[in-house]
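One chain, chain A, links the two complexes that follow: it is found with chain B in the first and with chain C in the second.
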Partner chain A sequence: MGLVFKNAVEKGIDVIMDMRYRLKGFLRKPHNVILLVVFIVLCYLTLVPMVTMVRDTFLVHTAEAKRLKLPANSYTLLHWKKVLVEASSLNVFYKPFLNSLATSLGACLIAIVFGGSFAWFITRTNMRWKGLLSSLCIFPYIMPSWTLALAWYNLFKNSLVGGAPGLISAIIGVETPNWLAYGPIPIALVTGLHYAPFAYIMIGGILRNMDANLEEAALMLNTSRFRIMYRITVPIVIPAVMSTFLLVFSSAMSSFAVPTFLGLPVRYQVLTTQLYRTLNGLNPGQGYAIALLMIILGVSILALNQKVVGLRKNYTTVTGKSSNIAMVNLKKMRTPTSIIIAAILLCVSILPLVSFAVESLILHPGDYSLGNFTTQFWFGTAAQNSMANSEPGMLRNPKLYSSLWNSLKLSIVCAVSAGTVGFLAGYAIVRGRGSKLADYVNNLAFFPYLMPSMAFSAIYLSMFAVQRGPIPPLYGTFALLVLAGTVKYLPFASRSGINAMFQLSKEIEEAGLILGVGWFKRMTRLVIPIQKSSFISGYLLPFTSCMRELSLFILLMTPNNQVLTTLLYYYNEKGWNQYSNGINLLIVLIVISINFIVNKVTGASIDKGIGG
Partner chain B sequence: MKANRILVLLLLLVALPGILFANGKTETPAPVAPAAQPPAAVAEPTFDELVKLAQAEGSLMIYTPSSRHAKVGAEFGAKYGLKIEVVQLKDAEMIEKVSKEAAAKLDAADVVFCQDGGRVYSELMEPGYVTSYTPPSLRDVIPQQYQNPQVWDLCTKQFIFNSEKSSEQPIKNIWELTEPQWKGNVQMKDAFGEGVNMNFLTMLTKPENAAKLASAYKNRYGKEIVLTTPNAGYEWIKAFYGNDLLLGKSDTTMAESIGAKGQSVQLMGLFTLNKLRTAKDKNLDLQTCYEVEPFSGFYYPIYCFIPSNSRSPNAAKLFIEYSLTEGYAAWNTLGDYSPNPQNINTEDPVQISQWADWLIYEDPAWVAEARVDVEEFVNTIM
Partner chain C sequence: MAVDDLDMVIEDGSFITLLGPSGCGKTTTLRMIAGLETPTEGIITIDGKVVFSSEEQIDISPAKRDIGFLFQNYALWPHMTVYQNIAFGLENLKWDKEAVKTRVEELLKMLRITEFAGRYPAELSGGQQQRVAIARTLATKPKVLLMDEPLSNLDAKLRMEMRTELKRLHLETQSTFVYVTHDQLEAMTLSTRICLLNKGVLQQYDGPLGVYNYPTNRFVADFVGNPTINLIPFEVVSSQGKAIRVSNADMAFTFNAKTALNLKVADKVTIGVRPEFIAVDGQSTFKASVYSSLPSGMETIIRLRIGESFLNSVVFGSLDFPVGTGLGINLTGDKIMLFSNEGNILGSGSVSAIA
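Our next item is the complex of A and B:
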């Protein structure tokens, strides 16, 4: 008996010693330490909100306690029943769900067709003005999505909503049809155009690096151009197309401002507008149920993405071999094609800006005659703007400058924290590639992107309103905004970190390791300098996204921390069109200038960030 | 590797209780009786004593939906030597913030002006997050229906139409808006976008108002109404939405769309009357309906409360008294009325006492109970 016991104890000690030894080995590799820390922190910051939300869908809200004759905060299946199985579910969930699907699929189609074709023209033909047009391609993403919607509305609105006609109706004299001005078609178009830059960057990235020898071999065998395109080019591009499709689809499903602007006049509901209405009403339980269903959909898309595309095993491009790119010669069509493409891009990128500028300068709405133009909303004093409650002109308005400063502060801090964590996480995921932990962290890091911003911020609001362990109540502080922004945009930063690390061959770091260079020095002297522009792009994306983000911050915003987008929203709500259009213009110009400056100074840009 | 798996498992086991219980205390506030007046046994300070107490507190943080409070607050601060901060919030955000801050006992608002009786009742008053205060000097002056909870401002929303062709009101009976000649020409703010609009629809379904709608139907069509819904209120809502009602996002935009000159179609909308005060500047032709059977619109209160986490309750009381008397002057416009009859509205020939006969008023207790049903109903006819 004693002997069995003694053996068991010895075995136990062996196991523990073994574990200690393995643990030491595990922790000796820096990427494992990073993975572990990020895993624990992300679990808390992403899984806890999820769990809270799931729980809330089963609780009786205080507002409905009386009517249901149930105690508040008791458990109930009622919300789920109302959303999924009752007669009203058709209008509450299923119809908006189908509408969301329709517009998102449409948006994907538009994004891939536009973005993909531009990518092909710019990377594989000899059209003119490539540099300029390439930068213009990114514009639609930099603008807040609802600014495109607002521009579309300004241009195409007709007498359905009454009032002065839109710009196009005013110019051509014929009324724009309802299906073009409102509803699913403009929603899909505007959303698609907003995300077309994603397609451009991803597909362009593949096309840019594609070895032309493949095509040349086919040419030598006398294959027709069309066959080459369809048998060689397209299959190579398919992974990028799939990635784009899935990314754009999940972004389009959670877009809110565009369907609100363009769907409301014809009462076209999508899931996000339904979510907003239910969260705003007396019965948020249903809202949380809808949000949860949206997340489940998003997670399935993510899983699909992993299956179809997978963590690509070999992506190295920074090696010794140079690739041969042959351009399609457009010959006589060169200038006409370039002009057509330039025209389309200008319409999509510059025209909205022009529309904002014009709208911010007119006094009486809808009157585009020269006599109606005024600069009072930009430079005027409070007294001049009595019709807008004596709000001083924008450039004289202290509110504008303080919100601008807050926006910049918030975006920079979010960018730095998200970018740094994302870069470290990306490094750790790629170096730890193949281990389960790396997989988990990779998925967890992408999770926040799938949660609708509104639900996300609502949960953070309640999570951090009270003391949580060592963290004091963050409600009403700048720190909470930073936390929400960082976690939400971490996916962008981690993806760009992953892409950057994939491109870097392992041998480079191993050389440093062999020479006994410490981890920190390896990073700062080898890895970062080589992939500098890719890494910095990981900072640019969160920055740009934060500058134009609204729904995430609107619930968490504090009076002293009002940012430009919430100021814009406030003006929009009040109906002071000149101010809202003016601020729109300012936001876009500021973000573009900063992107331009960063690009010139470091060579980083958004396209390197998304994964080209 | 087996050891790695065990390690991860161990870590999860350790972290799991942290995750599960990290929710901390969920707020389950014990339902408290609705905001009550301070007990009469405690001697209330006189006005001068109140001023001294307020000055001792030194500062005041105001939460309000109105942009005019910035100026008014500054004037108040200059008069009594207090530091004033004004925060502007929309109705839903206001209630969200105030309730969360009160629950966490944060140092935030000292006085709040908020609207949406339904939510105010269930989310602020019942849990005891706010108290109502009526200045002693005004307790016999302000009508009882506007006290407890104390109302600061009454805002009217009527059926307003484009008056370019004629300033005669085009409808006499509310059921006309469900008829073919008005199809697609009526606009209303999305009821889910702003609580008070949903409250209006909810009030229509209150039995006594539904009865009025039923008799208005009889007067118009000469026969009894046939119900496909619980009552005449729901029936009207269904017919109203079914007549291609256009939903707008903001009252200002609706005013501009409806009031624009040169339109061939006669448009009508339900929005705040105070948009008419800038109509001339914006070159709009707008006129309101006055008496329509049975209602020509509704009016809703903006309440003033002192949150339970206020650090300057005396300054708050002083400001409430100021807002109900001389501090109301900034809101002396068409469409906004003080519950204090001594503040006469000089811009509108029709006083609130007359409007009260023609418009529906919010009953917060009824709304708190019935609004969820109406929200679900509206969702099905959207």
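Our next item is the complex of A and C:
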């Protein structure tokens, strides 16, 4: 008996020693340590909010208790019933859901058609001004999505909304029809154009790196150009198209500002506008239910994406062996085609900026005569702007400068934290490829992307309104914004980190390891310098996204603590067109300049971050 | 399992090759020695010191094993010049600037790349990059140098040149070289001992000529030697001591083994004959016809047809044979091999009384 016991104890000790040994070996590798830390932190910051949100869909909130005649903080199925099965569900959920679907699908179609064709023209024909036009193409993505919405609104609005008609109505003298000015068509169009650069980058990336031999082999067999296109080129491009489709679809479903500007005038509700109504108002329970349904949809889309495309195992971007396939010669159509494409791009990139400038300089809305132009909304003093409630001109407005400073501060801090964590996570995921832990961290890091920004911030607001362990209550603080922003942009930063690491063979690091170079030195002297531009792009993307982010911060702002985008929303609500247009112009100019400077100095750019 | 039950000793200063087809476990073995992969079970010692032991739970990091590693793709750091690439390891060891400079220049001279010191890897040809990689690996004077198919990315002529370079370096540095390749010619010409692997299992660990003339099994005999050995299936007709009579549909002869073998009638065996031991002469009564002839100037490879069987022969001198010519052939020498049905070597010997 004693012997059996002794054997069992010895075996137990063996097992423990073995585990300790394995753990030591496991933790010796830096990437495993990173994976573990990131895993734990992300679990807390993504799964806990999820669980809280699920719980909140069954909870009676204090705000609703009186109205529902139920005790506060008790559990109920009422929210779900109202969203899914009662008569009111039609307006609360199903109609907005269908509207979201319709506009998102429309946006996908437009993004892929525009982005894809542009990609094809740039990579496969001899059109003119390729360099200039391809940099111009990125613009719609750098600008906030509602920039185009606002521009569209400026151009096409009619007297339905009261106030003055838009520029087009004023020029042609006839009122623009409602279906063109507001509702699903402009929403889909504007969102689609905003994401067209995505499609251009992804589809263009595949087209550019495609081995020309594939098409040349068909050419040798006397296949017509058209057949080559649809039997060879298109099937190879399909994975990129699918990825784009799914990415754009997810983004379009969560967009808030565009449907707000272009949908509300005709009461066209989508899921996100419903969310804002419910979360900001007296129906938080219903809001969380809607948000949960949106997340389920997002996760299904992601799963579909994984299945269709899979985690790309081989991501060498440059093989260096393919020759340039003979470009389609546009001959006489060369200049006309180039001009048409240039015109479309200018309309989408430059024209909105012009319209903002114009609108910010007009005294009486709707009157586009020269005499009506003034600079008072920019440079004027409070006294001069009596019609705008004595709001000082923008460049003299302390509110503007404090919001600008807040925006920059927030974007830089979010960029630094999201970018750094994203890069480290990307490094660890690629080095730990194949292990379950790397898989979990990969999926967790991407998860925040699927949560609608508004629901995300609502949950964070409620989670961190009270003390949580060592973290003090964060209500109304800058730290809460940073936290929300960092986790929200982590998906992009980690994608960028993964792409950067995939391109780097592990032998580069191993050569250093064998020479006894420590981990930190390997990263700072070898890995990062070699992948410099991808590395910096991982910071640029969160920065740009943060500068133009509205839906994430709108619930977290306090009146004294604004960023530029929420200030714009505030002016828009008040109806002070000149200010909202002016700020819009400022945001766009700032973001574009910073992108330009970073690109010139470091070679980093957004498209390297997205991974084309 | 990538490598199964590997047990070998590499002598100091030797040049051993890990040879085998793709997927046989040679690169895995090399990386385990280096410490870049962790074995599931076993012990590895370098210079008497245990660097890995699953029993005692020792696993020393690659940096502390005093080894050098040459990667197949060189892994030169593209953002550093040739000089910086070579100096990096030394700077990391906190050598002072003068010492680093002296050592780097010494290596540049040894590898004959002095004029490229200020260039970046992308500006060099494959062969030059290769030499920079070698210089970088040799910089810290490691005791053991591990090389993972270093010449496979070079063209044929350059490969020949680099082979002689490596052999010379081996003598100069007096380090132990462990070399991975799938090219049997490289293994034969460079190593002091060859370690042949197949599907993770060690097949033979012997000097080049031992592997060539006395293979332990059919796989080894087939893998080494160019043109490949002729392996012909036979059935035993009679077995008396050292004389084994074998026959198949096209040929029959007596195999004279060096030691007595006890085979049973109707046993299936394989005869292995290297092409250089198939002599073509007019006198032999055993006839074959020429199926194809490949003259390469110094030697000619003839494919001979006997009934439904084919044999490869190599003849020296600038000879050519028209297709269809009838030739008398003979199996010469005493290094003809007899393999069992499972593929293991039964014995070697000569052949007589061919019919």
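Rule of thumb we're sticking to: the second predicted complex is superposed on the first by the 589 of 612 C-alpha atoms of A that agree within 3 Å, B and C clash if a C-alpha of one lies under 4 Å from a C-alpha of the other, contacts with A are read in each partner's own complex, and residues count from 1 in each chain.
Here, a residue touches a chain if its C-beta (ideal position, glycine included) is under 8 Å from a C-beta of that chain, and two chains touch if they have at least 3 such contacts.
The model shown is predicted, which means the values in this text are computed figures rather than measured ones.
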item	value
Clash-or-fit label for the pair chain B, chain C on chain A	fit
Partner chain in contact with A:511 - chain B first, chain C second, else both or neither	second
Which of chain B and chain C A:13 touches, first, second, both or neither	neither
Touched partner set for A:351, first chain B, second chain C, both or neither	neither
First, second, both or neither for A:479, with chain B first and chain C second	neither
Which superposed partner A:343 touches (first chain B, second chain C, both, neither)	neither
Partner chain in contact with A:327 - chain B first, chain C second, else both or neither	neither
Chain B versus chain C, judged by how many residues of chain A each one touches	B
First, second, both or neither for A:40, with chain B first and chain C second	first
Apex chain A: angle to the C-alpha centres of chain B and chain C, given in degrees as a multiple of 10	160
Minimum C-alpha separation between chain B and chain C after superposing on chain A, in Å	11
Set intersection of chain A contacts, chain C complex versus chain B complex	none
Of all residues in chain A, those that touch chain C in their complex	17, 21, 25, 28, 505, 507-508, 510-517, 521, 525-526, 529-530
Chain A-facing residues of chain B, complex	1, 3-8, 11, 15, 18-20, 22-28, 31, 67-68, 71, 85-88, 90, 92-93, 96, 100-101, 103-104, 106, 108, 118-119, 122-123, 126-127, 184, 187, 190, 192-193, 195, 198, 246-253, 255-260, 263, 265, 267, 278, 281-283, 368-373, 375-376, 379-382
For the chain C and chain A complex, residues of the former touching the latter	34, 36, 38, 57, 59, 61-64, 67-69, 71, 73, 75, 77-79, 88-89, 92-93, 136, 140
Parts of chain A lying in touch with chain B, wherever the complex brings them together	18-19, 22-23, 26, 36, 40, 43-44, 47-48, 51-52, 62-64, 66-67, 72-73, 82, 87-88, 90-92, 159-164, 260-261, 264-265, 267, 269, 276-277, 280-283, 364-367, 386-387, 389-391, 435-437, 461-463, 465-469, 473, 475-476, 554-555, 559, 570, 572-577
